[in-house]
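Across the two complexes that follow, chain A remains constant while its partner is chain B and subsequently chain C.
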Partner chain A sequence: MLKQLTQQDLFELFDRLAEQYHLLMPTLLTDGSRELMPWPGSKAAAIDGIIPSMAGEPIQRKPTSHFFPQTDPLVFLKPDGTVSVPQPPDKPLALCGLNREDLAAVAFVDRFFSAEPADDVYLAKRSGALLIGLSGHCGDGSHGDHFLPLAQGLCDIELIAEEPNEEKKEQEKQWLAVVYNAVGEQWLSGFAAGSPQRLELLRHKSVTMGHQQQELLQQASRLLQADQVPDSFWQEISSRCIRCGGCNFVCPTCTCFCVQDRTTTAGTQRSRIWDSCQLDAFMREASGHNPLGTELLRTRRRIHHKLVDDPKRWGEISCVLCGRCDRACPTGIGMVAVCEELVRRFTS
Partner chain B sequence: MQSFSNKPAQSIYSPRGCTLLHVEELTPQEKLFRFVLDDGSALGHQPGQFVQLSIAGLTEAPISIAGSPTRGPQFELAVRNVGTLTGALHQLQVGAKVGIRGPFGRPFDLAALQGKHLVLIAGGCGLAPLRSLIQYCEDRPQEFASVQIIYGARTSHCLLFKEELKAWQNSPHLSCCYTVDQAVPDCDHDTPYDGEQGLITDLFEHLFERCIFTAENSCAVIVGPPAMYRPVIEELRRYGFTAPRQIMLSLERKMRCGIGKCGHCTIEHLYCCTDGPVFWLEEVETLRGAL
Partner chain C sequence: MNGNKPSEMNATLTTCPYCGTGCNFYLLSGSDGRLSGVEPAAKHIVSKGRLCMKGWNAHAFVHHPDRLSTPQLKRDGALQDCDWDTALATVHQRLQAIADRHGPDSLMFFSSAKVSNEENYLMMKLARAGFSTNNVDHCARLCHSSTVVGLAETLGSGAMTNTLDCFDHTDLVFVIGSNTTEQHPLIGGRILQALRHDTKLLVADSRKIRLAQHANIHLRHHNGSDVALINGMMRQILVDGLEDRDFIARRTENFDALRDSLEPFTPEYVAAITGLEPQQIIDATRLYAGADNAMIVFAMGITQHSHGVDNVRALSNLALMTGNLGRPGTGINPLRGQNNVQGACDMGALPNVYTGYQQVADPQARLKFSTAWGKELPETPGLMATHAIEAAAAGSVRGMLIMGENPMLSEPNQTLVRKALENLDFLAVIDIFPTETAQLADVVLPAACYAERDGTYTSTERRVQRGRQAVETPGDARADWRILCDLLQRCGIKANYESPAQIMDEITTLTPSYGGISYQRLEGGHGLQWPCPDADHPGTPILHQEQCTRGKGRFSPTRYRPPKELPDEKYPLLLNTGRTAVHWHTGTMTRRSHLLHREEPHAFAEVNPQDAGQLQICDRQLIRVSSRRGSIQLKARLTERVPAGQIFIPFHFAEGAANVLTNNALDPESGIPEFKVCAVRVEPC
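Let's look at the complex of A and B:
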């Protein structure tokens, strides 16, 4: 299904979605960054001057954190011996404005947590959630015509911003809405049909953009699989690591966690919390044996896991090139930075 | 101490309630705990599997099951006191309640072992998980051509299951040989240790001198501390254990969830908790950090 939406149509759609979902929209914060925040409703948005910020700086908080939060209750152990599980949310989530990389990350994590035995704690939040992708000409004018590649089916509904028209005002911005499943169809059925020719033009532009960084990852992956990267390289990279764990905590496909108990008079809340493979205790066993006992091994593992181990296990590289780790790393050894150095040095 | 529900698990993370029936001190550091599930069901494990033992307030720890399923619905865990949870476990009295998730993991491949001469090698605490297989062999001797147990411990104080070692030595169905790196007087009786002394691999020459091991007729199983694997494998190869699916081993890792989600037990692309803890040697030998 293909629809054509005006900005007013879009707000109407958001208002309707917010009745059934916890709808989160990209919103501009006062420091200039963007965050997925609850949709206040079009009237409130108009009064407060709030507009969804569909374009701008990348959203640093990983989208998967809405389904796999930093602290995630697993079970509650009551003093009488009964065990209860967290109540499912009263309304499912709807995340709007995810770009192709973020949608690819959600798809990867979906598959990871759905593998048998399926993780019911994750699925309780993910099941029934709506993903609204964002692509096309999303520039807000300040950064020129910023074009996001099309997501092509990784979401329920994809909003594709059409090319800006200098003669029209921002409020008249046009959107194509591609619907990928029955849930999406239910929400878009009342809107005007979109132009398949215009969609085809946008698809063509998306394909011809290419993705140089994808090739970089593939090259790095091939070098690692061929064991062409010596330990001296990892020693050098790891010497720059300050063990903050930031790379893992911002990565939308990192899913490692440890477990903590917090006990009160009411009982014990057992939760999982994000963990980082860059920390010394990550794999240390009770016996003292530590398979990741050096900085070298931990740094190697961070890159190797995404580019070699996950492709072996899941059939694909698990870095989606969202850029978060490169933006977060204080010492410049995020995924792309390391891969650039690795490929430059070891490609003959 | 917190008790746990015996109602059906509501989540993959919900522990099942079970009761401590018996405690036996194996060494000053290790105790053997016997449990039964409060809902009356059997654990349903196979030799080589593990459980996540849960104490409210102290989270969970992965513990190998030390007994065979052929021994009835109760199950045994041999636990060294090395941390907060295991320390609390060591303080528990009979009748205490704990939580259990599992059994988890890939067990010993019993089908592959059937009809063969088995060499079961354990080092230190590795005898606990291997005991589940030894008991299984003891209860079903007709399924195996022969069973040779080889066990090594750091000191004579550290020997686990001392009475059972003697019983296995006298069993018509099993052979058992053990050694310690260092002999020290017996704690309780101040009697000198009169068994073998030396490295576990020192036992091989005497035991294997007239044996011909082939891929068709034999299989070795190794469970022990990380430092033990490579020297033992090297020795086994000298005696003919060179074929695929001829050496099986069980690896210890820090499993926080037991179900392949938490990421703490990965060995390259493998998850020790679900792809293992039992592996064929050739599955892990070339993986960095596995051995």
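Let's look at the complex of A and C:
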């Protein structure tokens, strides 16, 4: 299904979605970053002058955090021995504005948490959630002027921003909507049909952009698998790691967590919280022995996991090239930075 | 348990509660009013979408079950819940009764580098106007009081001269006595990034800290030998003719006295004191003085000595001699430890000054404040925190109000501190957790943490920034400013502020350097760097540009004095104390944050393998460390990070408290204790 939407149509769609979903939209925060925040409703948006920030830099916080948050309650244990689990969501989430990298990350994490034994805490939030992808003329320029087209199956609805027309105001912007499944069709059925030729044109423009960094990851992966990278390299990289954990916390495909118990007279709240493999305690055993007991091993593992281990287990590199770890690393040793250095130095 | 709403529905921009770097992040919370996480502010001028491990976990302690939520009063020897009116009336009446009977100076007020500017202002107003004493101080006494004295004398302002962006524009960074990547991680990260672009790095630290691995030269001089090292470098600069003669002539005074004082500090003499090779001193000198623009960065390794002020003077002399002042990428840059230790000093939570360093001994300043507050004010400077502890132990200080500090673990010589606090007629504590200090209190007032109140904080680069309330306080806990307002009212001082913004409005009218700061201006941007004298002023990233704050930069000669207690036959090892990357000070917050606590769950001592061999100690073995003041047990961590002859113990852990051992030898001018040097003995348990 292909539809054509005006900005007004879009707001109408959002209002309708917000009745049945917790709809989160890209929103400009006071510091200038974009985050997925609750859609205030078109009336409130008009009154407060809030418009969804559909164009701009990638969403700051990894969108997978909405299904796998930094702190996630698991069970509550009462002193009388009874156990309660969190209530299911009163309505499912709808995340709007995900680019191709973010959607690829959700797909990866879906596979991870759906594998047996399935993670019911994740699936309780993920099941029934609606994903609205975004492509077309709404990037920040870092990938050219476009986000890349979204692969079918990664989202329910894809919104494609038409080329901005300088004579037109932002409110008159036009959108194409590609619908990938029945749920999407249910929401878009009432809108005007879009032009396949127009879609073809936008697709053609986007495809020519390409993703050069994909090849960089592949090269790095091959070098690592062929054991071409000596430990001295990892020693050097790890000496620049200040153990902030940011690379893990911002990574949309990182799924490691640890368990935290907090006890009051009312009982014990057990939650899971994001963990970081860059911490010494990540794999430290009760004896004190630590199979990842050096910075070198931990730094190497972070890159190996994404470029060697995950391809073996899941058939794909689990870095989606969202760029978050490179932006979050205080010392410049995010995934792309490390791979660039690695490929430059060890490609014969 | 509320699990049916998304947990990241709200995002509140605020300033990190840990170190003085001034990072901003969003606190994420759900509709249940619970914090669920942290996201660094991507566009903030300091954090730039990055945080350290503590910052990433800054939400984690906020809802901890140990949070104090009800006022408590000691009855029958135990703290018991009571109502606010009873608690506040008791605090006011008991402190007033002590003041009436023994004089106002028998009271001591501990303010806090963890609370806002507005709250520090109210605390010093409470001491001065409410109880007529200048006995108000806070933990800057333990960290950068030497800096405030040393830089005020030589330059006229005790704050970081430059701005953090300068790390991107410097040719050389000289880090001395600062483990920057662990204690100011985002600043340490910037230094590491700068090295990728040809900036040089000189590190002087007895420990092999991370920055040392990347340094062009790493000097492992003996703890406490800094004055000799810096004087030796300056003498060598003159020998090599690397001084900035034009700068010295135009912008400084007292150079001849300095030059004369340097004569004895030959490389050989300095080598004998510092344990370095003479050539290392010469090489380091040429590296520093050969840079066009060089930044000096220092922290506790410089200040926490019985000659801490002299250490700071020597560094200031070095910057002046080479003309590294008043330009981008230069300066003398003390890294302030706490998120608001700069602000607490700025707000006059110090015994000798009102806000903006206006002297209490100055009749005009006193008149200004007494007119504004409607109360006669005392003229004699008050007691420093460290002296107040001694005075309490001796019985001349009898009542204390301590807000957001834990001197039981943070002050040197814990035995003396316990004696002092137990000796008091009355102790009231305002805090968020039942700290070791709160356990000794007669009244405990439960406060709001950073995530539960509005306010402003001033970072190490003098950047005044907003903190914003994201969630409600637990139970009946109240924001510190509300507690202080109530006490002020009970003292008959008008304090009916409706918000911290109103308090700031009062501060700005009394404080020239904060004159142009308002909540409205702080709302939109990235804060304002003082001095910011009026509403149109853009703030001042770099101090001393045309001239120093005091006019001419003053060379202040120093002579080498060894630490008060050096290793000897009975106590043969040197004890160095400090912090780890994952814990904060006395651990009240970080030891209640799961990931941080898990990373460093136990007290430990870094021991050099060479010493360990002689002592027959293996890694992770329980050891006993003793000094003349006490003895503790903790685990040994064998590492080359410490040189042979030295052990390092972080002071976070109550069960292996480094400050049982430390020496309360104080710098005569700043009152700072010698946390970095004392003599200990190590034995296997």
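One rule holds for everything that comes next: the second predicted complex is superposed on the first by the 333 of 348 C-alpha atoms of A that agree within 3 Å, B and C clash if a C-alpha of one lies under 4 Å from a C-alpha of the other, contacts with A are read in each partner's own complex, and residues count from 1 in each chain.
The definition used in the following text is that a contact is a pair of C-beta atoms (placed from the backbone, for glycine too) under 8 Å apart; a residue touches a chain by one contact, two chains touch by 3 or more.
What you see is a predicted model; the values in this text were computed from it and never measured.
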With everything superposed onto chain A, say whether chain B and chain C fit together or clash.
fit
Looking at A:Ser84, would you say it contacts chain B, chain C, both, or neither? Reply first, second, both or neither.
both
On the A-aligned overlay, A:Val336 touches which partner chain: chain B = first, chain C = second, or both, or neither?
neither
Touching A:Arg272 in the superposition: chain B (first), chain C (second), both, neither?
first
Looking at A:Gly32, would you say it contacts chain B, chain C, both, or neither? Reply first, second, both or neither.
second
Applying the touch criterion given at the start, work out whether A:Asp120 contacts chain B, chain C, both or neither, answering first, second, both or neither.
first
Of the two partner chains, chain B (first) and chain C (second), which one does A:Cys258 touch, if any: first, second, both, or neither?
both
Considering only touches as defined above, state whether A:Pro291 meets chain B (first), chain C (second), both or neither.
first
In degrees, to the nearest 10, note the angle that opens at the C-alpha centre of chain A toward the centres of chain B and chain C.
80
Which holds for A:Leu2: it touches chain B only (first), chain C only (second), both, or neither?
neither
Just how close are chain B and chain C at their nearest CA atoms in the overlay, in Å?
11
Where on chain A do chain B and chain C both make contact?
84-85, 258, 260, 263, 275
With touch defined as at the start, can you tell me which chain C residues reach chain A in the complex?
1-9, 11, 13, 24, 26, 28, 35-44, 49-53, 55-56, 59-60, 63-65, 181-182, 185-186, 188-190, 192-193, 196, 210, 213-214, 523-524, 581-582, 594-595, 598-599, 601, 620
Where on chain B is chain A touching in the complex?
2-7, 9-15, 17, 56-61, 80, 82-83, 86, 97, 99, 125, 225-226, 252-254, 256-257, 259-270, 289
Looking at the complex, which residues from chain A come into contact with chain B?
74-75, 77, 79-85, 112-113, 115, 117-121, 255-261, 263, 267-268, 270, 272, 275, 277, 282-287, 289, 291-292, 297, 304-305, 308-310, 312-313
Which part of chain A faces chain C closely enough to touch in the complex?
22, 24, 29-33, 35, 37-38, 57, 60-61, 65-66, 69-73, 76, 84-90, 93, 125, 239-240, 242-246, 249, 258, 260, 262-264, 269, 273-276, 279-281, 288, 327-332
